[in-house]
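There are two complexes below, and they share subunit A, which is joined by subunit B in the first and by subunit C in the second.
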Partner chain A sequence: MSALKPVRAITAAQCGLISCETCKLLARPAHPEDPGHCPRCGGELEFRRRRSLQRTWALVIAAAVCYIPANMLPMMATTTFASSHADTIMGGVVYLFASGSWPLALIVLVASVMVPLGKLIALIYLLLSVQRGMPGACHQRARLYRMVELIGRWSMLDVFVVTFIVALVQLQPLMAVQPGPAVLFFAVVVVLTMIAAETFDPRLIWDSAANLENEDD
Partner chain B sequence: MTDPLGAAPGASSQPLMACQECDLLQRIPPLPIRGEAHCARCGHSLAARPSDPLQIPLALTITAAIVFVVAITTSLLGLSAVGRHASTTIIGGAWQLWQEGETITAAIVMFCAVIAPGFFIVLMLTVLLLAKRAPVPHWGGEVLRWCLHMQPWSMYDVMSLGILVALIKVAQLASVDAGIALYAMGVLAVLLPAIMVSFDAREIWKLVPCENKATASARAVEEADFLASGR
Partner chain C sequence: MTDRNDHDALPQASVVRKKRTRISVVWIIPILAAVVAVGIAIQQYLSEGPTISIVFKTAVGIEAGKTFIKYKDVNIGQVTAVQLADDYSRVMVTAKIAKSAAGLMVEDAKFWVVEPRVSLSGVSGLGTLLSGNYIAFEAGKSGSSERSFTGLAVAPIITRDQLGRPFVLKAPHLGSLGIGSPVYYRRLQAGQVVGYNLSDDGNAVEIKVFVNAPYDKYVSPGTRFWNASGLDVSIGAGGVDVRTQSMAALIAGGVAFETPHFAPQAEPAAAHTEFTLYGDQLAAMAQAESVATRYVLYFKESLRGLSVGAPVTLLGLEGGSVTDVGLDLDPKTLELRGRVEVVAYPERLIASLSAAQKVANEAVATDGSRRQELIRRMIEERGLRAQLRSGSLLTGQLYVAFEYFPKAARVKVNWRGDPVELPVAPSTLPHLEQRVTSIMAKIDAMPLEAIGDELRQSMVALKRLLKDTDRAVRRIDADVTPELKKALEDFRRATVSADQMIRDTDATLLGPDAPGQQDLREALREVARAARSLRVLTDYLERHPEALVRGKN
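Here is the complex of A and B:
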């Protein structure tokens, strides 16, 4: 790890510079109100991700709405010639736990129930804290954001579980497994929260600190 | 080590960069091999220097391309019960969902399991081959940009774990056996992140020329005009 020399504590935006989000080139736009494209990689240049808060809010609210049916409706339905029963996410966790594979039950519980919920709560907290211009706890908030980015994709776990059980267990008329309506809602929650984490601009966390010139480091 | 921000002597020859997570301007000192520079304010990783940023990722990407073909063409899981046998592939899994009427979910699974990793491997291979003979054409930058966008959607790590859970659930109903694709997928789950770690995008960007200054809507900041602006 190398210690870096800050060029005083000043941000690129304060110098009228934009750091390209893709290739990290530092560029000076000819027209700051319409920065255009990166001269090197062609990516769009923006001082801060455009309408970051509105977009992230829209995605988070949509994901929160889908989160309810994702948990209430059945993930998959098992049909045998004698009976048929449907399992929700929690039902699947309980089933795994009861059948003795509690480490897997724990993984599914964390990945499918706690991670999506935690992600929604974390994003709402980040959005509110930025909107209210909260100056402190920047390091904690930055760490929270990184965690949301890192673990988000793991909630896709249950979608893959259902996909491959459905694909495999097709022994009609003996036994067949069908996907339940919750799978769609669940996959949509994961995709929406992943995009929400990408539209949220972490630089906004530090902007409110810089405005009040009391960084907590 | 070439310096994209001009060759003024001393500290100012160190490239100027803004942190992607907090926008703080800072200079990146010359890094030792396997060294990493972190943001002075938020700790975000700004730059890393892998030991061989072009050859090793190229070797890994070629391997990944071969393993990828194996993973999507061979059988993933097989199931035997009461004298009947069934098996599925990765694409077969998505196809079965599609047939059950879950078209959107099937498309998402298909994207995360085949399209995103496939594009990632092809685009990465293109970029690494282009980098072998500088200068990289302007569209090389575009290719790398798309490649980096595909990376978080390549979910073989999540999928491997998902299939493990599926295996254990199904094993209680019937006897299941793992196909070659399952092992291939496990290998890809390790290979794809390894490509990203061994690769240094800065090495490629250095080779990509900037657009003509007269027509561009923005221009790269040279050290000299940064100093001239009075900071």
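Here is the complex of A and C:
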């Protein structure tokens, strides 16, 4: 961990400079309050992502709200000629576990329940830590952020599976599968958390660390 | 810190003025999400029906999450849990009812499990073979809502919206009836047996039947119900009559009803009216006699074959029945007599009179003293007597016949007896039994043993005779045959010579040149000539008959 100790370094912002987020060109801002656009690529310049915390909070809360119906409502309604029943995500996990295929149950549990939940918790933790100006564990937080960003794009697996099954299993009147309302909410959760991860500015993590160092100095 | 002047060479960013808002628009997203989620929650809550619990004896085929509750084949709920009741004796089924059916959950609503059932009267619930058992629901009439119910063991046969009326039938025994047994009206299925129970005193069975509309309006207070189970075969003069309501009734039993033509016209019977269930159609449709007179008859002959219920006839027309068959013992003389009590229905005989006479005799039928006077005259003046007769040669059944016996000895009827004793005549037609008995007696009387003895003796004699014959034949064989042979040879020789002789005779007599032939021809010619002269003579004599006296001149 010694290699990952916070590096004592000045930031561009401390120097009154600004780095383009798109082409990474270091430029002088046009005005401290309104930095303007990148002279090379034309991208909007910002010292830090504008209202990053507020936006991320909004998206995270929206995702958290949608996460509740995503888990409460049925994900998939299976209609066989004998019966018809709807399954929630947890119902499916329980069914898989009860029928003996616990590895599958574990996969579904991890991919569909724990990952979105973990993402939400991770984002909330990052937001809180930045807001409170928590100094320590910057490296861990940075790694956590990278993980959230990486996992985000794989979380749509559930939605893909459901849409595939719905499209394939249409053996009327023997069997038919209909998507439940939870699919929509689940997709919304995934999309919102992805956007939230994008909106969050990881530089804020280091800002608080830098501020602390400066105070130390 | 780095020198700021170094950056002067860097390009200057341009400024674009932008309207700024304090609160980010992005907050619309969580608000929208919350609104949608809350909306769904409210909708879910509002569409949520009541949760009810039903207690069943067993949970055959009921599965949480799979078993539906259906009313008129429409899903109105789903079983959410199946667990044992607190005392482990029954099963508690918890079900979620759809909001739209919440109003149906009233006190007297019924629940029962529908499973495939195959019975004699039909197959039901076949659909459940594929879909699994389900809980059927029948709405009640009560107004107060209820959340816990007790499930029925069997499906109720009559649903609430089925039009018709229930009736109660009293029968000495249940017979082959059961719940669901059909009720027929003119061989149309008009209803069903819905239940039965022993009457409170244990002497009868009360059978509840439900007669569907529109057949229920044919049930009036005068309607007769009878047990139509099984086969009713009667053999009459018109042939064999087989009656059954249907194959189902044949196997599963059934009840039929009809209103007899003599029943008074009446309004349809009220629901739950009590009726008697008769054993068969004949008994049910028999007309109750308003005037019945009882008489007693004493017979000296065997009463075997005379049973209670045997008909009493007048000139072969049924006018009553035997009510009792018993014995009568004279304590002094120890004389035994057969006592037969009969009941006579004068109305029935009046009914068989022609229309013109009917009116006149109606009074006779109903007025006791006039009827008595009529019968007295019939007995004393015309010799009306009762007689036992054989109704059937096959079964030996007897019946009582009243007929005039003009030669019968005059009797006085004692009208003060109760019941009045009527005179009888001895049976004239010998009964089959008696006839057979007399034949047997005759056979018994035959000297069979003597006949047998004689036969045996004859046989011995015959045997001896045969032996003698045998011996004679053998002797003939030994002694006579050689001589016979010789005799035959002689005979043949004689025949041969006879043959020869005949041939010679042929030659002498029949040959064309045979001298015999010549002579014969000559002689015949002579005869012809003689005949001619005779004719001439007779001609002459005819013309000159006097020549006989005077001679030929």
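Basically, the second predicted complex is superposed on the first by the 194 of 217 C-alpha atoms of A that agree within 3 Å, B and C clash if a C-alpha of one lies under 4 Å from a C-alpha of the other, contacts with A are read in each partner's own complex, and residues count from 1 in each chain.
In this text, a contact is a pair of C-beta atoms (placed from the backbone, for glycine too) under 8 Å apart; a residue touches a chain by one contact, two chains touch by 3 or more.
None of the values given here were measured: they were computed from a predicted structure.
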{"item": "Partner chain(s) touched by A:Val65 [first = subunit B, second = subunit C, both, neither]", "value": "second"}
{"item": "Which of subunit B and subunit C A:Val169 touches, first, second, both or neither", "value": "first"}
{"item": "Which superposed partner A:Ile121 touches (first subunit B, second subunit C, both, neither)", "value": "neither"}
{"item": "Subunit B versus subunit C as contact partner of A:Thr22, first or second or both or neither", "value": "first"}
{"item": "A:Ala137 touches, of subunit B and subunit C: first, second, both or neither?", "value": "neither"}
{"item": "Touched partner set for A:Pro35, first subunit B, second subunit C, both or neither", "value": "both"}
{"item": "Which of subunit B and subunit C A:Ser101 touches, first, second, both or neither", "value": "first"}
{"item": "Partner chain in contact with A:Phe160 - subunit B first, subunit C second, else both or neither", "value": "first"}
{"item": "Of subunit C and subunit B, partner touching more subunit A residues", "value": "B"}
{"item": "Partner chain(s) touched by A:Thr11 [first = subunit B, second = subunit C, both, neither]", "value": "first"}
{"item": "Shared subunit A surface residues [contacts with subunit B and with subunit C]", "value": "10, 15, 17-18, 26-31, 34-39, 45, 188"}
{"item": "Interfacial residue positions of subunit B with respect to subunit A in the complex", "value": "4-5, 11, 14, 16-29, 31, 35-44, 46, 76-77, 79, 81-82, 84, 86, 88, 92-97, 100, 102, 104-105, 108-109, 112-113, 138, 141-142, 144-145, 148, 152-153, 155, 158-159, 161-166, 168-170, 172-174, 176, 201-202, 205, 208-211, 213, 216-221, 225-226, 229, 231"}
{"item": "List of subunit A residues in touch with subunit C within their complex", "value": "10, 15-18, 26-31, 34-39, 45, 51, 54-55, 58-59, 61-63, 65-66, 68-69, 73, 81-83, 85, 181, 185, 188, 192, 199"}
{"item": "Subunit A-touching residues of subunit C, taken from the complex the two chains share", "value": "1-2, 4, 7, 10-18, 23-24, 26-27, 29-34, 36-37, 40-41, 65-66, 130-132"}
{"item": "Touch list for subunit A against partner subunit B, complex", "value": "1-13, 15, 17-19, 21-31, 34-43, 45, 92, 95-96, 99, 101, 104, 107-108, 138-139, 142, 145-146, 153-154, 156-161, 163-171, 174-175, 178-179, 183-184, 187-188, 191, 194, 202-203, 205-207, 215, 217"}
